[in-house]
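Scroll down for the structure; my scribbles are underneath it.
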Amino acid sequence: MPLVVRNTPRTDLEVVDGLAAAGVATVHEAQGRTGLLRADIRPIFRPARIAGNALTCEVAPGDNWSIHIAVEQAQLGDLLVVTPTSPCDDGYVGDLLAGSLLAHGVRGVVIDAGVRDVATLTEMRFPVWSKAISAKGTVKETPGNVQTPIVCAGVYVRPGDVVVADDDGVVVVSREEAATVLKAARDREASEASKRPRLTAGELGLDLYNMRGRLADKGVRYVDYTDQS
Amino acid sequence: MPLVVRNTPRTDLEVVDGLAAAGVATVHEAQGRTGLLRADIRPIFRPARIAGNALTCEVAPGDNWSIHIAVEQAQLGDLLVVTPTSPCDDGYVGDLLAGSLLAHGVRGVVIDAGVRDVATLTEMRFPVWSKAISAKGTVKETPGNVQTPIVCAGVYVRPGDVVVADDDGVVVVSREEAATVLKAARDREASEASKRPRLTAGELGLDLYNMRGRLADKGVRYVDYTDQS
Amino acid sequence: MPLVVRNTPRTDLEVVDGLAAAGVATVHEAQGRTGLLRADIRPIFRPARIAGNALTCEVAPGDNWSIHIAVEQAQLGDLLVVTPTSPCDDGYVGDLLAGSLLAHGVRGVVIDAGVRDVATLTEMRFPVWSKAISAKGTVKETPGNVQTPIVCAGVYVRPGDVVVADDDGVVVVSREEAATVLKAARDREASEASKRPRLTAGELGLDLYNMRGRLADKGVRYVDYTDQS
Amino acid sequence: MPLVVRNTPRTDLEVVDGLAAAGVATVHEAQGRTGLLRADIRPIFRPARIAGNALTCEVAPGDNWSIHIAVEQAQLGDLLVVTPTSPCDDGYVGDLLAGSLLAHGVRGVVIDAGVRDVATLTEMRFPVWSKAISAKGTVKETPGNVQTPIVCAGVYVRPGDVVVADDDGVVVVSREEAATVLKAARDREASEASKRPRLTAGELGLDLYNMRGRLADKGVRYVDYTDQS
Amino acid sequence: MPLVVRNTPRTDLEVVDGLAAAGVATVHEAQGRTGLLRADIRPIFRPARIAGNALTCEVAPGDNWSIHIAVEQAQLGDLLVVTPTSPCDDGYVGDLLAGSLLAHGVRGVVIDAGVRDVATLTEMRFPVWSKAISAKGTVKETPGNVQTPIVCAGVYVRPGDVVVADDDGVVVVSREEAATVLKAARDREASEASKRPRLTAGELGLDLYNMRGRLADKGVRYVDYTDQS
Amino acid sequence: MPLVVRNTPRTDLEVVDGLAAAGVATVHEAQGRTGLLRADIRPIFRPARIAGNALTCEVAPGDNWSIHIAVEQAQLGDLLVVTPTSPCDDGYVGDLLAGSLLAHGVRGVVIDAGVRDVATLTEMRFPVWSKAISAKGTVKETPGNVQTPIVCAGVYVRPGDVVVADDDGVVVVSREEAATVLKAARDREASEASKRPRLTAGELGLDLYNMRGRLADKGVRYVDYTDQS
């Protein structure tokens, strides 16, 4: 029986916005290289970068009823995360539903399925990360769970976890660890910022990262082209 | 033996252009959710939106001879629809052939195979929907049928059926039903136009589409997060 | 044991730049329709067109150590070509590494794997052709061969072979044949340039390419639509 | 609105059985190399070889209601052909439904979707050609057309067309041409039977098919390994 | 930092074995149509049917170190469940490791990656469900988590959850619900057993499942073939 | 222009047969984990294990002419290796051609494309490793190179290199290194044989491979389930 969970906890939006600023690649590293959705979940336009509290939703194949149920549970700063109960590329979200989501404070959509009206969504700058673009609309016969834990594109997501999405993909940060991950992400950014000018100036990664000693341990052999047999 | 059919009937261009204006998602719904090509047929640039009379063409794998045969059969307002006899990603159409198609009144190409010279085609704004982009050109050894019924990307298409293509995909409307579908599409657009401001103003789809009663029938249960065991 | 080959020969940059100007589709035809990488290797932004001397590099799955080794071997006008030892979509190259490559004269990257930081790379206009975009970074535990012959996306590439990449894909030209292929490519361009105005003026490919006689040989039959049973 | 067509014409079962005996590869050649389903439609056990009259059926994604409608329309010698309205790998047919189909004279199933209970179906020797094997069952909410023309795995199929399926795949023969194709298939078998002993005895295809003369026309060059530069 | 959790709870083996007897399709239905792994996880030989307590394990791409760590945590009746941190088809498990797993009571393997030595594993009747078969072995450089919750092929799995695998695929049942699901599965089997003879005797699903009334509600229309325009 | 190279060198058949006995996984490790074809090249029946001298052949898409050319160049102990110039799943080899190959001493086929008549080939026990099974036959219009170096399924293969194929996949060993690799493979087999009884007796890989010390270096942490927060 489908379940709709009300009043789920959210992550503080300051933390959410901090994670958006850090970006997906940095957040992924900062939390120990976990939480990344499958790489075939791609943005419908670029550049795009947002983060939000996961508003989770399961849908039957070819059926978007539960997305309408989810809209009622939305809060400002949410990001809708949709997973089908079996693989489906149909266009579950179009411009009407996007308008409804926006009206309820939702910042964007991550869906392991399809989306449609992408010309209009692009004009509206309503960001969507999806597995497919498809004009095929959906029926409203079979509802699914809303605001329960789900697996989306290979990652376990609970309502109120932070979802960060940009041109590189989508990563999920657990609500409990979000503040800690944000701190680690900022440290990582600082570390990268200090390396950037050195690399741009021509310093080699082999030196910057102290990798020369280990080259010998691994048996790397250097030969001159003209010395090969 | 390859067959070339001359003087096939076309759909009136006013109807064709009306369907282009409605767009693929609306037309697909308006004709009872049929006629949509596989979702991996994608435009080489966005935004793009056209419709035309299907100028159909079968090609051997790696061989574009019959496209040259098709050009001679083209009329103003046609849209070339190409299907290979076995799956092939080669680049069957390039900028030279696009120039030839344009000279004969063809508005664009839908092909369940590959296309090349996409930088030039994009500059020319010659729209192509294809399964692949590939620099690999083709030979001219094995002709195929031209202007016979074909299956393209999962849909049955006859010469003179209307093909509508935009950023969401490609849909085919039978010649006999085109005028009726156009009327239904316009009705549907009007209906959507009346709903858009209500959804944008925050009215829920659950109310707008009268879905609340059926929620109970389907056994949907609402619980508060803090009431879960 | 991993091998790094120093001082490999390069192709003259005048030839390399000439091949870039000709473009991938023309070069592919000019060298007898060989050397094209798989069509799923796509540019991260369009339009893009470059050529360079192949700086080759093998990487373990999820491990980009050998790319850092390769940077030290780079010369002005090189193009990094990376192949994983088993299929992997991880993001092997990001903006830091791109900055390092640029500092050492590398013009771009072709990789049968993933890339990340694509928003920044796009702003920098650092061109990459890849199989995937993925935020997932890599470790540095297992080095691989650098500047040895490799197979990348189905094509055999040796250090100093010319790699040409544009919106249509990527093609490899052997160092020994590069000058000859450049000449053939220019001849081909001239031939196409002479055909373009004739096709644009409406002359049919059937006539321009003398294909009418062979139509009968192949048994192509023309019928009128209304004459079909 | 879903349509169920009763009393559609069938092909004579003697012709159907003759085509089964010829096998898919031979029938495909005999009818001019057309009518072959996509190669990812595979048998659940091997060897298997059957033919039957197409009993056609469209299903919604994740919904097998119309298969139950189709069973009532079945006749002895039918072969159920199922296509989903959008791609779906769910297991539409299981052992209960197979028992029901058998009871109504259906010889097997061809489905551009999934099947389940394959251990039992294999024991029963009930042959199924499918795109997937999946334990996921289906709902019964949305009926589709039964016994109307459909496209299945890339091929247009009408009720009563002959469907031939074996270890190599599935081919469709139109009802009107079935007898002619059977004759051509038998001629082809005879021709192949005469060639088999000659090839087995070592005669070369180059000689048997008179291909030597054309080798020179195509510019094929023979060189000795030791004569290469 | 990789974590190894010792002494995780298991599900009673009587329940586990009961679920194996019910089979994947029945268990999936009995627990509300959830918990099914992606359909591309397939057995290396058929028929095969087992269930076990999930012994979970994360592996780096191309690296099977953590499987060796997992063996030490195994108990009689476990089933090893392996997920890579990025997609990888390498052969993580071969006959040596299978022997080691068997010696520690492990009944089989479910892996969202590759396996090798399948000829020997088949002879040994050691059952494996995998995404790929690949001769490519793995290194031992990067350990991952063992006996922590993971996502495998789209499903969330915790140590001691029940994993049921047969020719139709793989399903996961949570430890807490295993006994309840087993009861529901047995009820379902009884229900199916009562329907089987009726369907085999020719009773229609339309009647058995009381679907006739709803046909009219859905607007299904019956027409005779000869009455179509 | 297509080239046919005669009298290419072969590897001694004693070495070839020794490599077959070692099997693909062992040979792949023994030569430094290189030379493995893509994992989607699969045998049409199992078990199967052979090795042979590569008889190489390039084919145009949908065209098997050059395979007939290759037969004439065959010698006892050869294994035909076929690669298409663009991806193609057509059935290039059927039972007639298999009979011809057998008559000329060819032991089997490895093809990065399709094969047909698999029921007959299975009865004949003629082993084929292919990317697809397809009933679609091929034309004879465009010849390709025979006995030149090619790339097949991601690996560079020269005539007379050793190709080893079994249930795990296909690996290529260069002619010059074949004897050395055979020796390394036998050493590896001996090493594995000594480990097998220890693992089967329950000794852990962690101990057998001395991995315990490195666990701490990598920061692996053991916790008891009940001690987790």
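Going by the order they are written in, the chains are A, B, C, D, E and F; count residues from 1 in each one.
Note that contacts are C-beta pairs under 8 Å (C-beta built on N, C-alpha and C of every residue); 3 or more make two chains touch, one makes a residue touch a chain.
These numbers come from a predicted model, not from an experiment.
*Asks:* Spell out the chains that contact chain D while also contacting chain F.
*Replies:* Joint contacts, listed by label: B, E.
*Asks:* Could you name all chains that are in contact with chain B and with chain C at the same time?
*Replies:* Output, common partners of chain B and chain C: A, F.
*Asks:* What's the fewest number of moves from chain C to chain D, given that each move must go to a chain touching the current one?
*Replies:* Steps on the shortest route: 2.
*Asks:* If contact pairs are compared by residue number, which of A-D, B-C or C-E agrees with D-F in over half of them?
*Replies:* When the residue numbers line up for over half the pairs, the pair is B-C.
*Asks:* Starting from the mean Cα coordinates of chain A and chain F, work out the distance between those two points in Å.
*Replies:* So the centre of chain A lies 39 Å away from the centre of chain F.
*Asks:* Round to the nearest whole Å and give the separation of the Cα centres of chain D and chain E.
*Replies:* Computed value for the inter-centroid distance: 30 Å.
*Asks:* On a C-alpha centroid basis, what's the spacing between chain A and chain E, in Å?
*Replies:* Computed value for the inter-centroid distance: 27 Å.
*Asks:* Note the residues in chain A that touch 2 or more other chains, in rising order.
*Replies:* Only 1, 33, 85, 87, 89, 134, 136, 142 qualify.
*Asks:* Go ahead and list every pair of chains that touch.
*Replies:* Final set of chain pairs in contact is A-B, A-C, A-D, A-E, B-C, B-D, B-F, C-E, C-F, D-E, D-F, E-F.
*Asks:* Could you list, by residue number, the parts of chain B that touch chain A in their complex?
*Replies:* Residues 24-25, 28-29, 33, 36, 39, 42, 46-47, 49, 166-169, 171, 192, 195-196, 199-206, 209, 211, 215, 218-226, 228.
*Asks:* Spell out the residues on chain C that touch chain F in their complex, using ranges where they run on.
*Replies:* Where chain C meets chain F, its residues are 1, 32-34, 38, 85, 87, 149, 151, 154-156.
*Asks:* Quick check: in the complex, which residue numbers of chain C touch chain A?
*Replies:* Interface residues on chain C, with respect to chain A: 1-9, 65, 68-69, 71-72, 89, 91, 94-97, 99-100, 102-104, 114, 116-119, 122, 132-137, 140, 142-143, 147, 159.
*Asks:* Can you name the residues of chain D that touch chain A in the complex?
*Replies:* 60-62, 85-90, 134, 136, 139, 141-142
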